[in-house]
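Per-chain numbering from 1; labels A, B, C and D assigned in written order.
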Amino acid sequence: MTTVTVDSLNHFLGEAFPQTRCRVESLDTMSATIRHPIGPAELRPGGTVSGPTLMAAADLALYAAVLGEIGLQPLAVTTNLNIHFLRKPAADRDIIARCELLKCGRTLAIGNVLLYSEGMEAPVAQASGTYAIPPKR
Amino acid sequence: MTTVTVDSLNHFLGEAFPQTRCRVESLDTMSATIRHPIGPAELRPGGTVSGPTLMAAADLALYAAVLGEIGLQPLAVTTNLNIHFLRKPAADRDIIARCELLKCGRTLAIGNVLLYSEGMEAPVAQASGTYAIPPKR
Amino acid sequence: MTTVTVDSLNHFLGEAFPQTRCRVESLDTMSATIRHPIGPAELRPGGTVSGPTLMAAADLALYAAVLGEIGLQPLAVTTNLNIHFLRKPAADRDIIARCELLKCGRTLAIGNVLLYSEGMEAPVAQASGTYAIPPKR
Amino acid sequence: MTTVTVDSLNHFLGEAFPQTRCRVESLDTMSATIRHPIGPAELRPGGTVSGPTLMAAADLALYAAVLGEIGLQPLAVTTNLNIHFLRKPAADRDIIARCELLKCGRTLAIGNVLLYSEGMEAPVAQASGTYAIPPKR
(Lines give C-alpha, C1' and ligand atoms only; values in the text may rest on other atoms or scores of the structure.)
Protein backbone atom coordinates (compact mmCIF):
# COMPACT_ATOMS: atom_id res chain seq x y z
CA MET A 1 0.00 0.00 0.00
CA THR A 2 1.57 3.28 -1.06
CA THR A 3 0.67 6.82 -0.17
CA VAL A 4 1.12 8.33 -3.62
CA THR A 5 -1.28 11.20 -4.29
CA VAL A 6 -2.00 13.07 -7.51
CA ASP A 7 -0.05 16.03 -6.13
CA SER A 8 2.99 14.07 -4.99
CA LEU A 9 3.06 12.21 -8.31
CA ASN A 10 2.86 15.42 -10.35
CA HIS A 11 5.70 16.88 -8.30
CA PHE A 12 7.77 13.73 -8.87
CA LEU A 13 7.06 13.64 -12.63
CA GLY A 14 7.96 17.30 -12.97
CA GLU A 15 11.42 16.46 -11.66
CA ALA A 16 11.83 13.16 -13.54
CA PHE A 17 10.61 14.54 -16.87
CA PRO A 18 11.27 18.29 -16.73
CA GLN A 19 10.23 18.71 -20.38
CA THR A 20 6.86 17.05 -20.05
CA ARG A 21 3.73 19.14 -20.18
CA CYS A 22 1.60 16.22 -18.99
CA ARG A 23 -0.25 16.24 -15.67
CA VAL A 24 -1.78 13.38 -13.75
CA GLU A 25 -5.52 13.97 -13.41
CA SER A 26 -6.50 11.03 -11.22
CA LEU A 27 -5.10 7.94 -9.57
CA ASP A 28 -7.00 4.87 -8.44
CA THR A 29 -6.23 1.26 -7.62
CA MET A 30 -4.25 -0.12 -10.57
CA SER A 31 -5.17 2.84 -12.78
CA ALA A 32 -4.25 6.41 -13.65
CA THR A 33 -5.49 9.14 -15.97
CA ILE A 34 -3.21 11.83 -17.39
CA ARG A 35 -3.70 14.90 -19.56
CA HIS A 36 -1.34 15.98 -22.33
CA PRO A 37 -2.04 19.62 -23.26
CA ILE A 38 -2.11 20.13 -27.03
CA GLY A 39 -0.63 23.26 -28.54
CA PRO A 40 1.35 24.16 -31.66
CA ALA A 41 4.33 22.05 -30.51
CA GLU A 42 2.23 18.87 -30.58
CA LEU A 43 0.56 19.42 -33.95
CA ARG A 44 1.43 18.43 -37.49
CA PRO A 45 0.43 20.42 -40.56
CA GLY A 46 -3.17 19.54 -41.41
CA GLY A 47 -4.12 19.91 -37.80
CA THR A 48 -3.56 16.63 -36.06
CA VAL A 49 -1.66 15.55 -32.96
CA SER A 50 1.69 13.94 -33.77
CA GLY A 51 2.24 10.23 -33.17
CA PRO A 52 5.16 10.82 -30.76
CA THR A 53 2.88 13.02 -28.63
CA LEU A 54 0.43 10.12 -28.28
CA MET A 55 3.27 7.69 -27.54
CA ALA A 56 4.61 10.00 -24.84
CA ALA A 57 1.15 10.31 -23.29
CA ALA A 58 0.66 6.53 -23.31
CA ASP A 59 4.06 5.95 -21.70
CA LEU A 60 3.38 8.51 -19.00
CA ALA A 61 -0.07 7.12 -18.19
CA LEU A 62 1.51 3.69 -17.73
CA TYR A 63 4.29 5.14 -15.57
CA ALA A 64 1.78 7.04 -13.41
CA ALA A 65 -0.30 3.91 -12.83
CA VAL A 66 2.81 1.90 -11.91
CA LEU A 67 4.09 4.56 -9.49
CA GLY A 68 0.64 4.74 -7.93
CA GLU A 69 1.11 1.07 -7.00
CA ILE A 70 4.80 0.79 -6.16
CA GLY A 71 5.53 4.29 -4.85
CA LEU A 72 7.74 7.04 -6.30
CA GLN A 73 10.62 4.90 -7.52
CA PRO A 74 12.69 6.68 -10.14
CA LEU A 75 14.24 3.44 -11.44
CA ALA A 76 11.18 1.83 -12.98
CA VAL A 77 11.76 1.79 -16.75
CA THR A 78 9.66 0.98 -19.79
CA THR A 79 10.79 -2.23 -21.43
CA ASN A 80 8.30 -2.21 -24.27
CA LEU A 81 5.38 -0.24 -25.64
CA ASN A 82 2.96 -1.17 -28.41
CA ILE A 83 0.58 1.41 -29.85
CA HIS A 84 -2.25 1.25 -32.38
CA PHE A 85 -3.30 4.56 -33.92
CA LEU A 86 -7.05 4.49 -34.46
CA ARG A 87 -8.40 7.89 -35.43
CA LYS A 88 -7.16 11.40 -36.16
CA PRO A 89 -7.14 13.35 -32.88
CA ALA A 90 -8.72 16.80 -32.74
CA ALA A 91 -6.20 19.62 -33.02
CA ASP A 92 -7.89 21.78 -30.42
CA ARG A 93 -8.45 19.30 -27.61
CA ASP A 94 -6.10 17.91 -25.00
CA ILE A 95 -5.22 14.23 -25.06
CA ILE A 96 -6.54 12.23 -22.11
CA ALA A 97 -4.81 8.89 -21.54
CA ARG A 98 -6.21 6.34 -19.11
CA CYS A 99 -4.15 3.34 -18.05
CA GLU A 100 -5.45 0.18 -16.38
CA LEU A 101 -2.74 -2.08 -15.03
CA LEU A 102 -3.38 -5.72 -15.91
CA LYS A 103 -0.64 -6.93 -13.58
CA CYS A 104 1.70 -5.32 -11.12
CA GLY A 105 4.08 -8.07 -10.07
CA ARG A 106 7.34 -8.03 -8.18
CA THR A 107 9.48 -7.38 -11.26
CA LEU A 108 7.12 -6.49 -14.13
CA ALA A 109 4.01 -4.36 -14.50
CA ILE A 110 1.83 -4.55 -17.62
CA GLY A 111 -0.89 -2.10 -18.54
CA ASN A 112 -3.44 -1.19 -21.16
CA VAL A 113 -3.93 2.48 -22.18
CA LEU A 114 -6.76 4.15 -24.07
CA LEU A 115 -6.16 7.66 -25.43
CA TYR A 116 -8.87 10.17 -26.26
CA SER A 117 -9.26 13.67 -27.62
CA GLU A 118 -10.91 15.21 -24.58
CA GLY A 119 -14.69 14.96 -24.74
CA MET A 120 -14.76 12.53 -27.67
CA GLU A 121 -16.21 9.07 -27.18
CA ALA A 122 -14.11 7.01 -29.58
CA PRO A 123 -10.46 6.47 -28.61
CA VAL A 124 -7.75 7.92 -30.87
CA ALA A 125 -5.18 5.28 -29.90
CA GLN A 126 -4.68 2.16 -27.79
CA ALA A 127 -1.39 1.18 -26.21
CA SER A 128 -0.03 -1.57 -24.01
CA GLY A 129 3.34 -1.82 -22.37
CA THR A 130 5.60 -3.25 -19.72
CA TYR A 131 7.56 -1.57 -16.95
CA ALA A 132 10.47 -3.30 -15.24
CA ILE A 133 10.41 -2.69 -11.50
CA PRO A 134 13.80 -2.55 -9.79
CA PRO A 135 14.39 -5.08 -7.00
CA LYS A 136 14.00 -3.77 -3.47
CA ARG A 137 17.25 -3.55 -1.56
CA MET B 1 10.51 3.49 -58.89
CA THR B 2 10.59 6.85 -57.18
CA THR B 3 13.08 9.68 -57.41
CA VAL B 4 13.22 10.55 -53.73
CA THR B 5 16.62 11.79 -52.63
CA VAL B 6 17.96 12.45 -49.14
CA ASP B 7 17.70 16.18 -49.82
CA SER B 8 14.14 16.12 -51.16
CA LEU B 9 13.06 13.90 -48.28
CA ASN B 10 14.62 16.18 -45.66
CA HIS B 11 12.89 19.15 -47.25
CA PHE B 12 9.57 17.29 -47.19
CA LEU B 13 9.97 16.15 -43.58
CA GLY B 14 10.86 19.67 -42.46
CA GLU B 15 7.48 20.77 -43.75
CA ALA B 16 5.48 17.75 -42.52
CA PHE B 17 7.06 17.73 -39.05
CA PRO B 18 8.18 21.32 -38.43
CA GLN B 19 9.15 20.49 -34.83
CA THR B 20 11.39 17.57 -35.65
CA ARG B 21 15.13 17.90 -35.28
CA CYS B 22 15.70 14.61 -37.12
CA ARG B 23 17.50 14.42 -40.44
CA VAL B 24 17.61 11.62 -42.97
CA GLU B 25 21.21 10.46 -43.35
CA SER B 26 20.83 7.90 -46.12
CA LEU B 27 18.24 6.18 -48.27
CA ASP B 28 18.57 2.89 -50.07
CA THR B 29 16.25 0.26 -51.53
CA MET B 30 13.73 -0.60 -48.81
CA SER B 31 15.80 1.13 -46.10
CA ALA B 32 16.60 4.48 -44.54
CA THR B 33 18.84 5.81 -41.78
CA ILE B 34 18.01 8.91 -39.78
CA ARG B 35 19.76 10.93 -37.07
CA HIS B 36 18.04 12.41 -34.03
CA PRO B 37 20.29 15.08 -32.45
CA ILE B 38 20.41 14.74 -28.66
CA GLY B 39 20.47 17.84 -26.48
CA PRO B 40 18.98 18.93 -23.17
CA ALA B 41 15.43 18.69 -24.55
CA GLU B 42 15.81 14.95 -25.20
CA LEU B 43 17.39 14.01 -21.87
CA ARG B 44 16.00 12.87 -18.55
CA PRO B 45 17.66 13.52 -15.21
CA GLY B 46 20.40 10.95 -14.70
CA GLY B 47 21.56 11.51 -18.24
CA THR B 48 19.65 9.28 -20.58
CA VAL B 49 17.61 9.83 -23.70
CA SER B 50 13.85 9.81 -23.06
CA GLY B 51 11.68 6.99 -24.34
CA PRO B 52 9.48 9.30 -26.45
CA THR B 53 12.62 10.57 -28.23
CA LEU B 54 13.46 6.99 -29.25
CA MET B 55 9.85 6.35 -30.30
CA ALA B 56 9.86 9.50 -32.43
CA ALA B 57 13.15 8.47 -34.06
CA ALA B 58 11.82 4.96 -34.80
CA ASP B 59 8.64 6.33 -36.33
CA LEU B 60 10.55 8.77 -38.51
CA ALA B 61 12.99 6.12 -39.75
CA LEU B 62 10.05 3.97 -40.77
CA TYR B 63 8.35 6.92 -42.48
CA ALA B 64 11.56 7.84 -44.34
CA ALA B 65 11.98 4.28 -45.62
CA VAL B 66 8.35 4.16 -46.77
CA LEU B 67 8.55 7.53 -48.55
CA GLY B 68 11.77 6.38 -50.23
CA GLU B 69 9.70 3.61 -51.82
CA ILE B 70 6.35 5.25 -52.52
CA GLY B 71 7.39 8.86 -53.08
CA LEU B 72 6.64 11.99 -51.04
CA GLN B 73 3.03 11.22 -50.10
CA PRO B 74 1.87 13.22 -47.11
CA LEU B 75 -1.02 10.87 -46.39
CA ALA B 76 0.86 7.75 -45.33
CA VAL B 77 0.14 7.27 -41.61
CA THR B 78 1.49 4.99 -38.90
CA THR B 79 -1.10 2.43 -37.87
CA ASN B 80 1.00 0.74 -35.20
CA LEU B 81 4.43 0.83 -33.60
CA ASN B 82 5.98 -1.63 -31.18
CA ILE B 83 9.22 -0.78 -29.40
CA HIS B 84 11.54 -2.72 -27.09
CA PHE B 85 13.92 -0.63 -24.97
CA LEU B 86 17.18 -2.55 -24.64
CA ARG B 87 19.92 -0.41 -23.09
CA LYS B 88 20.40 3.06 -21.64
CA PRO B 89 21.43 5.39 -24.47
CA ALA B 90 24.44 7.67 -24.02
CA ALA B 91 23.52 11.24 -23.07
CA ASP B 92 26.14 12.83 -25.30
CA ARG B 93 25.62 10.97 -28.55
CA ASP B 94 23.02 11.36 -31.26
CA ILE B 95 20.53 8.57 -31.87
CA ILE B 96 20.92 6.81 -35.21
CA ALA B 97 17.86 4.82 -36.35
CA ARG B 98 18.05 2.42 -39.27
CA CYS B 99 14.88 1.01 -40.81
CA GLU B 100 14.66 -2.01 -43.11
CA LEU B 101 11.27 -2.46 -44.76
CA LEU B 102 10.11 -6.07 -44.62
CA LYS B 103 7.24 -5.40 -46.99
CA CYS B 104 6.03 -2.45 -49.00
CA GLY B 105 2.70 -3.50 -50.44
CA ARG B 106 -0.08 -1.63 -52.13
CA THR B 107 -1.84 -0.66 -48.89
CA LEU B 108 0.54 -1.53 -46.00
CA ALA B 109 4.27 -1.20 -45.39
CA ILE B 110 5.95 -2.98 -42.46
CA GLY B 111 9.46 -2.30 -41.23
CA ASN B 112 12.00 -3.20 -38.60
CA VAL B 113 14.08 -0.44 -36.93
CA LEU B 114 17.28 -0.67 -34.89
CA LEU B 115 18.30 2.38 -32.85
CA TYR B 116 21.83 3.14 -31.67
CA SER B 117 23.71 5.72 -29.68
CA GLU B 118 26.05 6.89 -32.43
CA GLY B 119 29.25 4.89 -32.51
CA MET B 120 28.06 2.19 -30.11
CA GLU B 121 27.78 -1.38 -31.32
CA ALA B 122 24.82 -2.66 -29.27
CA PRO B 123 21.40 -1.26 -30.16
CA VAL B 124 19.55 0.80 -27.53
CA ALA B 125 16.11 -0.11 -28.87
CA GLN B 126 14.32 -2.15 -31.52
CA ALA B 127 11.04 -1.17 -33.10
CA SER B 128 8.66 -2.51 -35.72
CA GLY B 129 5.66 -0.84 -37.22
CA THR B 130 3.11 -0.52 -39.97
CA TYR B 131 2.30 2.37 -42.27
CA ALA B 132 -0.99 2.56 -44.15
CA ILE B 133 -0.49 3.78 -47.69
CA PRO B 134 -3.34 5.80 -49.17
CA PRO B 135 -4.88 4.41 -52.35
CA LYS B 136 -3.77 6.05 -55.58
CA ARG B 137 -6.42 8.15 -57.19
CA MET C 1 -25.43 -4.14 -40.48
CA THR C 2 -24.71 -7.82 -40.87
CA THR C 3 -26.79 -10.82 -39.97
CA VAL C 4 -24.02 -12.94 -38.50
CA THR C 5 -25.21 -15.15 -35.66
CA VAL C 6 -23.21 -17.25 -33.21
CA ASP C 7 -24.36 -20.37 -35.07
CA SER C 8 -23.54 -19.11 -38.55
CA LEU C 9 -20.14 -17.90 -37.33
CA ASN C 10 -19.32 -21.23 -35.69
CA HIS C 11 -20.27 -23.03 -38.89
CA PHE C 12 -18.06 -20.68 -40.91
CA LEU C 13 -15.09 -21.01 -38.55
CA GLY C 14 -15.37 -24.79 -38.56
CA GLU C 15 -14.83 -24.70 -42.32
CA ALA C 16 -12.16 -21.98 -42.33
CA PHE C 17 -10.15 -23.51 -39.45
CA PRO C 18 -10.98 -27.21 -39.51
CA GLN C 19 -8.37 -27.94 -36.80
CA THR C 20 -9.66 -25.39 -34.32
CA ARG C 21 -11.42 -26.60 -31.19
CA CYS C 22 -12.59 -23.03 -30.38
CA ARG C 23 -16.24 -22.05 -30.34
CA VAL C 24 -17.81 -18.62 -30.40
CA GLU C 25 -19.83 -18.13 -27.22
CA SER C 26 -21.38 -14.74 -27.89
CA LEU C 27 -21.41 -11.89 -30.37
CA ASP C 28 -22.36 -8.31 -29.74
CA THR C 29 -21.79 -4.94 -31.37
CA MET C 30 -18.03 -4.60 -31.91
CA SER C 31 -17.30 -7.54 -29.59
CA ALA C 32 -17.12 -11.32 -29.41
CA THR C 33 -16.34 -13.96 -26.81
CA ILE C 34 -14.87 -17.35 -27.68
CA ARG C 35 -13.99 -20.50 -25.73
CA HIS C 36 -10.88 -22.60 -26.29
CA PRO C 37 -11.34 -26.03 -24.66
CA ILE C 38 -8.22 -27.10 -22.75
CA GLY C 39 -7.12 -30.71 -22.79
CA PRO C 40 -3.82 -32.60 -22.91
CA ALA C 41 -2.98 -31.18 -26.35
CA GLU C 42 -2.97 -27.60 -25.02
CA LEU C 43 -0.91 -28.23 -21.88
CA ARG C 44 2.78 -28.11 -21.13
CA PRO C 45 4.47 -30.24 -18.47
CA GLY C 46 3.93 -28.60 -15.11
CA GLY C 47 0.30 -28.08 -15.94
CA THR C 48 -0.12 -24.81 -17.77
CA VAL C 49 -1.68 -23.80 -21.05
CA SER C 50 0.86 -23.28 -23.83
CA GLY C 51 1.55 -19.80 -25.20
CA PRO C 52 0.56 -20.73 -28.76
CA THR C 53 -2.83 -21.88 -27.45
CA LEU C 54 -3.42 -18.43 -25.96
CA MET C 55 -2.21 -16.74 -29.15
CA ALA C 56 -4.59 -18.88 -31.22
CA ALA C 57 -7.48 -18.00 -28.91
CA ALA C 58 -6.67 -14.27 -29.08
CA ASP C 59 -6.48 -14.35 -32.86
CA LEU C 60 -9.77 -16.19 -33.15
CA ALA C 61 -11.58 -13.82 -30.78
CA LEU C 62 -10.40 -10.90 -32.90
CA TYR C 63 -11.47 -12.65 -36.09
CA ALA C 64 -14.90 -13.47 -34.63
CA ALA C 65 -15.48 -9.84 -33.62
CA VAL C 66 -14.41 -8.61 -37.07
CA LEU C 67 -16.66 -11.08 -38.89
CA GLY C 68 -19.53 -10.08 -36.62
CA GLU C 69 -19.16 -6.58 -38.05
CA ILE C 70 -18.25 -7.15 -41.69
CA GLY C 71 -20.00 -10.47 -42.36
CA LEU C 72 -18.56 -13.89 -43.17
CA GLN C 73 -15.71 -12.81 -45.44
CA PRO C 74 -13.02 -15.47 -45.73
CA LEU C 75 -10.41 -13.01 -46.96
CA ALA C 76 -9.92 -10.91 -43.82
CA VAL C 77 -6.39 -11.65 -42.56
CA THR C 78 -4.45 -10.81 -39.41
CA THR C 79 -1.69 -8.31 -40.14
CA ASN C 80 -0.29 -8.12 -36.61
CA LEU C 81 -0.88 -9.45 -33.13
CA ASN C 82 0.75 -8.38 -29.88
CA ILE C 83 0.29 -10.44 -26.72
CA HIS C 84 1.30 -9.95 -23.10
CA PHE C 85 1.33 -13.08 -20.93
CA LEU C 86 0.23 -12.10 -17.45
CA ARG C 87 -0.40 -15.14 -15.27
CA LYS C 88 -0.16 -18.92 -15.44
CA PRO C 89 -3.50 -20.26 -16.70
CA ALA C 90 -5.20 -23.10 -14.85
CA ALA C 91 -4.64 -26.51 -16.43
CA ASP C 92 -8.18 -27.69 -15.86
CA ARG C 93 -10.20 -24.74 -17.10
CA ASP C 94 -11.09 -23.61 -20.59
CA ILE C 95 -9.69 -20.35 -21.91
CA ILE C 96 -12.28 -17.63 -22.49
CA ALA C 97 -11.17 -14.81 -24.80
CA ARG C 98 -13.19 -11.62 -25.14
CA CYS C 99 -12.44 -9.12 -27.91
CA GLU C 100 -13.61 -5.53 -28.07
CA LEU C 101 -13.04 -3.85 -31.42
CA LEU C 102 -11.58 -0.37 -31.03
CA LYS C 103 -12.11 0.43 -34.69
CA CYS C 104 -13.68 -1.32 -37.63
CA GLY C 105 -12.85 0.83 -40.64
CA ARG C 106 -13.11 0.24 -44.34
CA THR C 107 -9.71 -1.43 -44.64
CA LEU C 108 -8.45 -2.12 -41.10
CA ALA C 109 -10.03 -3.38 -37.88
CA ILE C 110 -8.19 -3.13 -34.55
CA GLY C 111 -9.22 -4.89 -31.35
CA ASN C 112 -8.25 -5.51 -27.78
CA VAL C 113 -8.56 -9.03 -26.28
CA LEU C 114 -8.56 -10.18 -22.68
CA LEU C 115 -8.05 -13.89 -21.99
CA TYR C 116 -9.14 -15.71 -18.85
CA SER C 117 -9.06 -19.16 -17.30
CA GLU C 118 -12.80 -19.72 -17.05
CA GLY C 119 -14.20 -18.49 -13.77
CA MET C 120 -11.05 -16.62 -12.70
CA GLU C 121 -11.17 -12.88 -12.22
CA ALA C 122 -7.64 -11.86 -13.24
CA PRO C 123 -6.81 -12.16 -16.94
CA VAL C 124 -4.07 -14.60 -17.99
CA ALA C 125 -3.14 -12.60 -21.09
CA GLN C 126 -3.93 -9.44 -23.03
CA ALA C 127 -3.64 -9.10 -26.78
CA SER C 128 -4.23 -6.49 -29.44
CA GLY C 129 -4.16 -6.88 -33.17
CA THR C 130 -5.11 -5.70 -36.61
CA TYR C 131 -7.12 -7.36 -39.35
CA ALA C 132 -6.91 -6.21 -42.95
CA ILE C 133 -10.34 -6.18 -44.57
CA PRO C 134 -10.44 -6.93 -48.29
CA PRO C 135 -11.95 -4.23 -50.51
CA LYS C 136 -15.52 -4.82 -51.61
CA ARG C 137 -15.88 -5.63 -55.25
CA MET D 1 29.15 -19.71 -21.23
CA THR D 2 26.79 -22.63 -21.61
CA THR D 3 27.30 -26.00 -23.19
CA VAL D 4 23.94 -26.27 -24.90
CA THR D 5 24.13 -28.17 -28.18
CA VAL D 6 21.51 -28.58 -30.88
CA ASP D 7 20.99 -32.18 -29.72
CA SER D 8 20.67 -31.39 -26.02
CA LEU D 9 18.29 -28.53 -26.82
CA ASN D 10 16.09 -30.71 -29.04
CA HIS D 11 15.95 -33.33 -26.31
CA PHE D 12 14.98 -30.66 -23.76
CA LEU D 13 12.31 -29.11 -26.01
CA GLY D 14 10.81 -32.52 -26.73
CA GLU D 15 10.19 -32.89 -23.01
CA ALA D 16 9.07 -29.30 -22.35
CA PHE D 17 6.75 -29.14 -25.38
CA PRO D 18 5.75 -32.75 -26.08
CA GLN D 19 3.25 -31.64 -28.74
CA THR D 20 5.68 -29.57 -30.77
CA ARG D 21 6.84 -30.81 -34.14
CA CYS D 22 9.55 -28.12 -34.28
CA ARG D 23 13.25 -28.95 -34.29
CA VAL D 24 16.23 -26.71 -33.65
CA GLU D 25 18.38 -26.61 -36.76
CA SER D 26 21.30 -24.52 -35.54
CA LEU D 27 22.51 -22.55 -32.54
CA ASP D 28 25.07 -19.77 -32.51
CA THR D 29 26.02 -16.91 -30.21
CA MET D 30 22.82 -14.99 -29.45
CA SER D 31 20.91 -16.75 -32.26
CA ALA D 32 19.02 -19.89 -33.15
CA THR D 33 17.23 -21.32 -36.19
CA ILE D 34 14.33 -23.72 -35.93
CA ARG D 35 12.20 -25.67 -38.41
CA HIS D 36 8.43 -26.14 -38.13
CA PRO D 37 7.33 -29.01 -40.39
CA ILE D 38 4.19 -28.12 -42.34
CA GLY D 39 1.54 -30.73 -42.95
CA PRO D 40 -2.25 -30.87 -43.05
CA ALA D 41 -2.52 -29.93 -39.35
CA GLU D 42 -0.82 -26.56 -39.96
CA LEU D 43 -2.78 -25.56 -43.07
CA ARG D 44 -5.94 -23.60 -43.62
CA PRO D 45 -8.30 -24.15 -46.53
CA GLY D 46 -6.90 -22.33 -49.55
CA GLY D 47 -3.48 -23.71 -48.79
CA THR D 48 -1.69 -21.43 -46.40
CA VAL D 49 -0.01 -21.92 -43.05
CA SER D 50 -2.15 -20.83 -40.10
CA GLY D 51 -1.21 -17.78 -38.05
CA PRO D 52 -0.94 -19.74 -34.79
CA THR D 53 1.60 -22.05 -36.46
CA LEU D 54 3.78 -19.03 -37.29
CA MET D 55 3.34 -17.64 -33.76
CA ALA D 56 4.36 -20.98 -32.25
CA ALA D 57 7.44 -21.12 -34.49
CA ALA D 58 8.44 -17.55 -33.56
CA ASP D 59 8.04 -18.26 -29.86
CA LEU D 60 10.10 -21.44 -30.09
CA ALA D 61 12.91 -19.76 -32.04
CA LEU D 62 13.11 -17.10 -29.34
CA TYR D 63 13.09 -19.74 -26.59
CA ALA D 64 15.82 -21.74 -28.34
CA ALA D 65 18.05 -18.67 -28.67
CA VAL D 66 17.51 -17.78 -25.00
CA LEU D 67 18.27 -21.32 -23.80
CA GLY D 68 21.40 -21.34 -25.96
CA GLU D 69 22.61 -18.41 -23.86
CA ILE D 70 21.37 -19.20 -20.36
CA GLY D 71 21.35 -23.02 -20.42
CA LEU D 72 18.44 -25.45 -20.24
CA GLN D 73 16.31 -23.65 -17.67
CA PRO D 74 12.69 -24.76 -17.78
CA LEU D 75 11.45 -21.64 -15.97
CA ALA D 76 12.14 -19.01 -18.62
CA VAL D 77 8.74 -17.77 -19.84
CA THR D 78 7.56 -15.53 -22.65
CA THR D 79 6.25 -12.23 -21.32
CA ASN D 80 5.27 -10.75 -24.66
CA LEU D 81 5.32 -11.48 -28.36
CA ASN D 82 4.55 -9.17 -31.26
CA ILE D 83 4.15 -10.54 -34.78
CA HIS D 84 3.65 -8.94 -38.18
CA PHE D 85 2.28 -11.21 -40.91
CA LEU D 86 3.88 -10.21 -44.19
CA ARG D 87 3.15 -12.70 -46.95
CA LYS D 88 1.18 -15.90 -47.53
CA PRO D 89 3.46 -18.83 -46.69
CA ALA D 90 3.75 -21.72 -49.15
CA ALA D 91 1.59 -24.71 -48.22
CA ASP D 92 4.21 -27.28 -49.20
CA ARG D 93 7.30 -25.89 -47.50
CA ASP D 94 8.45 -26.02 -43.90
CA ILE D 95 8.65 -22.80 -41.90
CA ILE D 96 12.17 -21.76 -40.94
CA ALA D 97 12.37 -19.24 -38.07
CA ARG D 98 15.63 -17.49 -37.24
CA CYS D 99 15.97 -15.54 -33.99
CA GLU D 100 18.67 -12.99 -33.17
CA LEU D 101 18.76 -11.93 -29.54
CA LEU D 102 19.11 -8.17 -29.17
CA LYS D 103 19.78 -8.42 -25.45
CA CYS D 104 20.21 -11.25 -22.99
CA GLY D 105 20.33 -9.59 -19.58
CA ARG D 106 20.11 -10.95 -16.09
CA THR D 107 16.31 -10.86 -15.95
CA LEU D 108 15.04 -10.20 -19.50
CA ALA D 109 16.01 -11.39 -22.97
CA ILE D 110 14.66 -9.68 -26.10
CA GLY D 111 14.91 -11.04 -29.62
CA ASN D 112 13.94 -10.46 -33.21
CA VAL D 113 12.66 -13.34 -35.36
CA LEU D 114 12.30 -13.64 -39.13
CA LEU D 115 10.17 -16.48 -40.49
CA TYR D 116 10.44 -17.94 -43.98
CA SER D 117 8.85 -20.57 -46.15
CA GLU D 118 11.93 -22.75 -46.68
CA GLY D 119 13.89 -21.70 -49.74
CA MET D 120 12.01 -18.41 -50.27
CA GLU D 121 13.87 -15.13 -50.01
CA ALA D 122 11.18 -12.82 -48.65
CA PRO D 123 10.11 -13.42 -45.04
CA VAL D 124 6.51 -14.46 -44.36
CA ALA D 125 6.45 -12.90 -40.88
CA GLN D 126 8.53 -10.91 -38.40
CA ALA D 127 8.24 -11.22 -34.65
CA SER D 128 9.86 -9.76 -31.57
CA GLY D 129 9.43 -10.79 -27.99
CA THR D 130 10.65 -10.88 -24.42
CA TYR D 131 11.53 -13.78 -22.16
CA ALA D 132 11.70 -13.39 -18.40
CA ILE D 133 14.67 -15.26 -16.97
CA PRO D 134 14.22 -16.65 -13.47
CA PRO D 135 16.69 -15.43 -10.85
CA LYS D 136 19.56 -17.79 -10.01
CA ARG D 137 19.29 -19.36 -6.59
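Basically, a residue touches a chain if its C-beta (ideal position, glycine included) is under 8 Å from a C-beta of that chain, and two chains touch if they have at least 3 such contacts.
It should be emphasised that the depicted structure is a prediction, and the values quoted were computed from it without experimental measurement.
Any chain bridging chain B and chain D, meaning touching each of them, is among A, C; the list is complete.
Taking the CA centroid of chain C as reference, the farthest chain centroid is that of B. Although chain A and chain C share one sequence, what matters here is the overlap of their interface residues, and that overlap exceeds half of the numbers used.
One inter-chain figure worth recording: chain A and chain B are separated by 22 Å, centre to centre, where each centre is the mean of the chain's CA atoms. Taking the mean of the C-alpha atoms as each chain's centre, chain A and chain C sit 28 Å apart. With each centre defined as the average position of its C-alpha atoms, the distance from chain B to chain C rounds to 33 Å.
Shown for chain C are the residues in touch with two or more other chains, namely 79-80, 82, 84, 110, 130. With chains as nodes and touching pairs as edges, the resulting graph is complete, every pair of chains being joined. The part of chain A that touches chain B in the complex is made up of residues 15-19, 41, 44-46, 50-52, 55-56, 59, 74, 77-85.
Across the interface of their complex, chain D is touched by residues 82, 84, 86-87, 102-103, 110, 112, 114, 122-123, 126, 128, 130 of chain B.
On the chain C side of its complex with chain B, the touching residues are 79-80, 82, 107-108, 110, 130, 132.
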